[in-house]
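The letters A, B, C and D name the chains in turn, as written, and every chain counts its residues from 1.
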Amino acid sequence: MSGTYLLQNLIDGISLGSIYALVAIGFSMTYSILRLINFAHGDILMIGAYSGLFIMVAWQLPLWASLLGAMIFAAFVGMLVERIAYRPLRGSNEEATLITSLAVSIFIENLGIMVLSPQPRGFAIPKFLTKLHTINEITISNMTILIISLAIILMLVLTYFVICTRMGVAMRACSENINAARLMGVNINKVVACAFAVGSGMAAVAGIMLAGQYGRIEPLMGFVPGLKAFIAAVIGGIGSIPGAALGGYVLGLSEILLVALLPAAYSGYRDAFVFIILILVLLFKPAGLLGTLEGRKV
Amino acid sequence: MKKITAFLLTLVMVFAMAGCGEQKDAAKDNEAAAGETIKVGAIFNLTGAQASLDGPSLNGFKLAAKEINAKGGVLGKQIEVISIDGKTDQTSATNAALKLAEEDKVVAMAGFSDSNYALAAGPTAQEAGIPFITTGATLPSLPEQVGDYFFLAPFGDDAQAYAAADYAVEKLGSKTAYILKDTAMDFTMNLAAYFEERFKKYNGEDAILLEDTFKTNDQDYSAQINRLKAMKTKPELLFISSGPSDCGIIVKQVREAGIDIPIISGDGFDTPLLIELGGEGANVDTYFATHTCLTNEKELVKNFVTAYQEEYSREPENGFAALGYDTMYLIADAIERANSEDPTAIRDAIAETQGFEAVTGTISYEPGNRVPKKSVSVLKVEDGKFAFVEEVTP
Amino acid sequence: MLSRRDKLYTGIALIIFLGLLGILNNTLSGYHMRLINLIGINIILVVSLNLTNGFCGVFSLGHAGFMAVGAYVSAILALPLTKKALVLPELPTWLGSIEVNFLLSLIIGGLVAAFFALLIGYPVLRLSGHYLAVATLGFLIIIQVLITQLSHITRGARGINGLISYTNVWWVWGTVIVTIYAVWRIVNSSYGRGMLAIREDDLAAESLGINLTSHKLLAFCVGAFFAGVGGALWGHLITVVNPLSFDSNRTFNLVVMSVVGGMGSITGGVIGATLMTIVPELLRNLEVGITIFGMSIPPLYGLSQIILAGALILVIFFRPHGLVGNWEFNWNFLKKSKNISKTTQNL
Amino acid sequence: MDTVKKNKIVLSVEGITKKFKGLVAVDNYNLQLPEGEIIGLIGPNGAGKTTVFNMLTGIFPPTEGKIMLAGSDITGFRPDHIVQRGIARTFQNIRLFSNLSVLENVVIAAQIRKKYGFISTLCSSASFTKEENELITKAEEYLEALGIAEYKEQKAKNLAYGIQRKLEIARALATNPLVLLLDEPAAGMNPQESIDLMHTIRKLKDEFNLTVILIEHDMKVVMNLCERLQVLSYGKILAEGTPEEIRNNKLVIDAYLGRSTASA
């Protein structure tokens, strides 16, 4: 096994991991505040990808504008979903919110099939992004570079937002203890709406990156990344934003590296190995890599 | 608590009554209407993961029914297509087949592009004694597994895989091959196995240098491609056994990694997505064996494409649309020849079909074989379009 | 414990119910009987899921995985030898040369599923909440991968078809009665109370001498056993099993049924399974095109799922703990006096 | 003191220490507890009293030290094993099974000694029915003993605070313990309720032949009930002795008692 082979796979794994990380972060944000497993998060990603395509094709706008537009639209949809489906259940039991999010997911997916047709569509990205660079037999496209760097930039922006802005502080307060935050005068509705907006916006970016990388979108495209985001968030320590990012990279890298390092006959076992790793991580760190175990309070 | 019980009981009763009432009325209607139309059942997965294949099939199927009705129908009666969504779920598929057989009293059924669902619904039709023609499932052993009421409209996987192997060896001169196959699909596994068998027959046991796998919708194939790039002896041919949803992405990623070896595959590649997603990559030496070439100059094909465009304001999405279209005509032809609405008579008529000219080739069932002997078209991608290369009968 | 009177009522109700089934079996169409059988299978699956998820509070998403194990084991065992040689030629000889009767294959299927539950449960059940949910979902995916890959035993993605349709109304509803009885016995015993205590407060439960691991494992394994049996019945109803038959959607479906009915109650499981089997089938009737005043509306496929999702959200809004919550069916409504029976009965 | 000496030691704790990530919560705690004694554990908030209970009941295994119950070493045992050996407890913040009935709460504790197996559960065998009935009778006895039998059909979460406290004690008693640990049983009670509780505990001690460790802030309760007191401060034992000795201990007054006696 040559060094270049390994390096190539590392780059590919980081690229895939960046997308998972973006989805997982949004997933984890809403979880940390509401303890809500939002299965509809992946479908927001789908909506983001479709709106991005629409902006590029119908209005002939460049990629950056479509990214921005998709973020705004997805943020709006995210807030709408929260307002309609999740807010009335605030403070309710976990199972109820879980089922509601499943229902929202079924709703969006089938609405997508009805309105957008189940046919996959091509998602063409500007030519300069498909350009390949080859260094030492390692190929890397501009798209991959864009994905990796955009993920890093968004994470830095998010970190700034969470640490330095009033809303960010309020968000952290809510995730520590939502009732205490409420008593301290934090407007919970605003914070939750904001978390949904930010999370959905990031999912939209991930959606466009995913569509751009693989060139295809379809109404059910959100299901798998949504599930992966859930897993990534859990690996990292559900509710922890840096954890979600880390979990995304771990998941992306292990998916690629497992196939790369195992003999070809075992490629089909990839998902099984990924989950075995996941279960092992949880057994040794029951609260995920960066999660804090909510100790048994006596 | 009493209130809840009462509420629930009422709810259950209302539902039960609604259900019974509705179905009884429907049953009555059926009997009254039995003389007026000939009912044909269509079970396609219109939602869920299979929707992109089955949707166009149903469109083609309905289009054909419309055309037949416009020309006066069969046996002087109009054809009524009763379509039920299989929801990409085996339970729903069998429920639908039972409903069509028992509630709607259809004389024949058609549907599905994947053998998993055909295998679930087929036995139900078999038991009810109603002929079932699968529009798109290509597993050659299906009729044998289900029974004598089950037919394939397309050729079997063996035919297309052999055609691909023949073409690769004879025309492309390939001596060694690499196989990438989707392990999550019955179809891709079979296709790869038949290709391997034929290719080894020509070039010896060691002709397949590497076999790698993926799963439907993996989306990222870089690990497999990196392994392919790292191979010491480069293969002369890539056989990629994938379904329509993955083929474009795979071709794109393979070509982007700088691999220019010829790619060949089966009808899974017969989708505009191959060109749309494969982009420039698909233009490089990409071949596949399939049912028909929609850019073919044949009268039948041209008429179908125009009619489809008129009806649905878009090009046929893929070859499955043509297969759906052909299946309806095949059923209508059988009813006409049977001169009866009796499912068994129709079954016998289907089995006797000889030289039936269809968009996807000429359909004949040899005695005892319910997989048609059909010609296979080999296509190539050229300037962003499918170009006809040759037609073979393996 | 049931009082004499309650036993009498239950017995009478059972006889009436079985008689009714017999009559329906002879009068209803195959399609309607199919629905009745599916309701029964879903009741088996959901009631057993409620034991784990609802009574013990171990929120598992692996139920479809146990279904898969049971369905495959029973399918391979009960397949007639002649067919086995044809369909599964690569089976190890000892497996390829036995054919067991259906009942035995159901039981073995359930037991193997329970054994898998033991294997996965022992390490995983120390997790809690969403971590456990993901780990059990992982188990489901691992099972799916194994079934896909071990093609010499399972035929991989091709699945095993041509199963004999053994499953009929008596097998299904017989198993329903056994399942409900077993779960009801467990719930009303020290084991069940231990599970309830763990659900309410695991630390307090442990401090009162309840062995968390063994109770959780018991709930998990019994749940898996019936999931395996339910899966085997399902397989022999549809007559074909493949890896895609048991995906995460199926697990989610079962969880939805369980939550809609009420997780912490057998009654809830029965109601949830019944409603969520019938309603989607009824909604199908909406998916036909209609012609009004010459305007034809094409059939909108996916509409039934959308309506169902909307209805689901409404149910959860108004009854977050499901339609019946933790309430159990009992015969008290037949009693005139208001005082509640002496002991703590749940049924 | 003489009466105490006569009885044999039921619980012996030797130098248990608990560290959380370097922080020492309890440092070298010792206790020799003779049968039938009520000992009080007092100290300011955060002194480590509840941590001592958690170590004794196995919720946190001690970092160092040894716990002997009735002559056998139970250090590091799991909570459920320790209860079976005979240490039961109540919690500072009540931890009832709130959606279950009062009777069920106590039956769950009483079933620690049940013998029937899984098969007889499924068959509803005679031994099963007999034992279940015994369990219920036993649980009802404990409810009677605490005078809360009238609530047995109610859900635990619907009870008044004081009754919830009593239910928790009944539940702990139902495990038939040698040693009972009570964590602030009088917290949140009014003076009259506290006095009632005092009488109840004394009565239970005699009736069930109990040995009790009591954490309590209410000095009236502690001084009246306990034969001996331990004062904990910053995880260490500051003083130990009879209530009289503690009341006059300079160190204790400075660290802790001064304020509360003054205010009491």
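Assume a contact is a pair of C-beta atoms (placed from the backbone, for glycine too) under 8 Å apart; a residue touches a chain by one contact, two chains touch by 3 or more.
Please read all numbers here as calculations on a predicted model, not as lab measurements.
The minimal number of chain-to-chain contact steps leading from chain B to chain D is 2.
Any chain that touches chain A and also touches chain B is listed here: C. Ranking every chain by how far its Cα centroid lies from the centroid of chain C, the top place goes to D. Between chain A and chain C, the centres computed from C-alpha atoms are 32 Å apart.
A straight line joining the Cα centres of chain C and chain D is 43 Å long. Averaged C-alpha coordinates give centres for chain A and chain D that are 48 Å from one another. Counting only residues that touch two or more partner chains, chain D has 59, 91. Counting partners per residue, chain C has 148-149, 203, 301-302, 305 as the residues that reach two or more other chains. Residue numbers of chain A whose C-beta contacts span two or more other chains: 110, 113, 268, 270-271, 296, 298. Interface of chain C with chain A (complex): residues 59, 123-124, 126-127, 129-131, 133-135, 137-139, 141-142, 144-146, 148-149, 203, 248, 252, 255-256, 259-260, 263, 300-303, 305-306, 308-310, 312-313, 316-317, 320-321.
Contact residues on chain A toward chain B in their complex (touch as defined above): 1-2, 5, 8-9, 12, 16, 110, 113, 117-122, 124, 130, 132, 134, 137, 139, 141, 210, 213-216, 218, 220, 224, 255-260, 264-265, 267-268, 270-271.
Those residues of chain C whose C-beta lies close enough to touch chain B in the complex are 29-32, 34-35, 38, 148-149, 156-159, 161-162, 165, 234, 237-240, 242-245, 249, 271, 274-275, 278-279, 281-282, 284-285, 287, 299, 301-302, 304-305, 323-324, 327, 329, 333. Put simply, chain A touches chain C in their complex at residues 37, 85, 88-89, 92-96, 98-100, 102-104, 106-107, 109-111, 113-114, 227, 230-231, 234, 238, 268-272, 275-276, 278-279, 282-283, 286-288, 296, 298. If you check the complex, the residues on chain D that touch chain C are 57, 59, 78-80, 83-84, 88-89, 91, 95-101, 103-104, 107-109, 111-112, 114, 116, 118, 121-122, 124, 128-129, 132, 135-136, 153, 171-172, 175.
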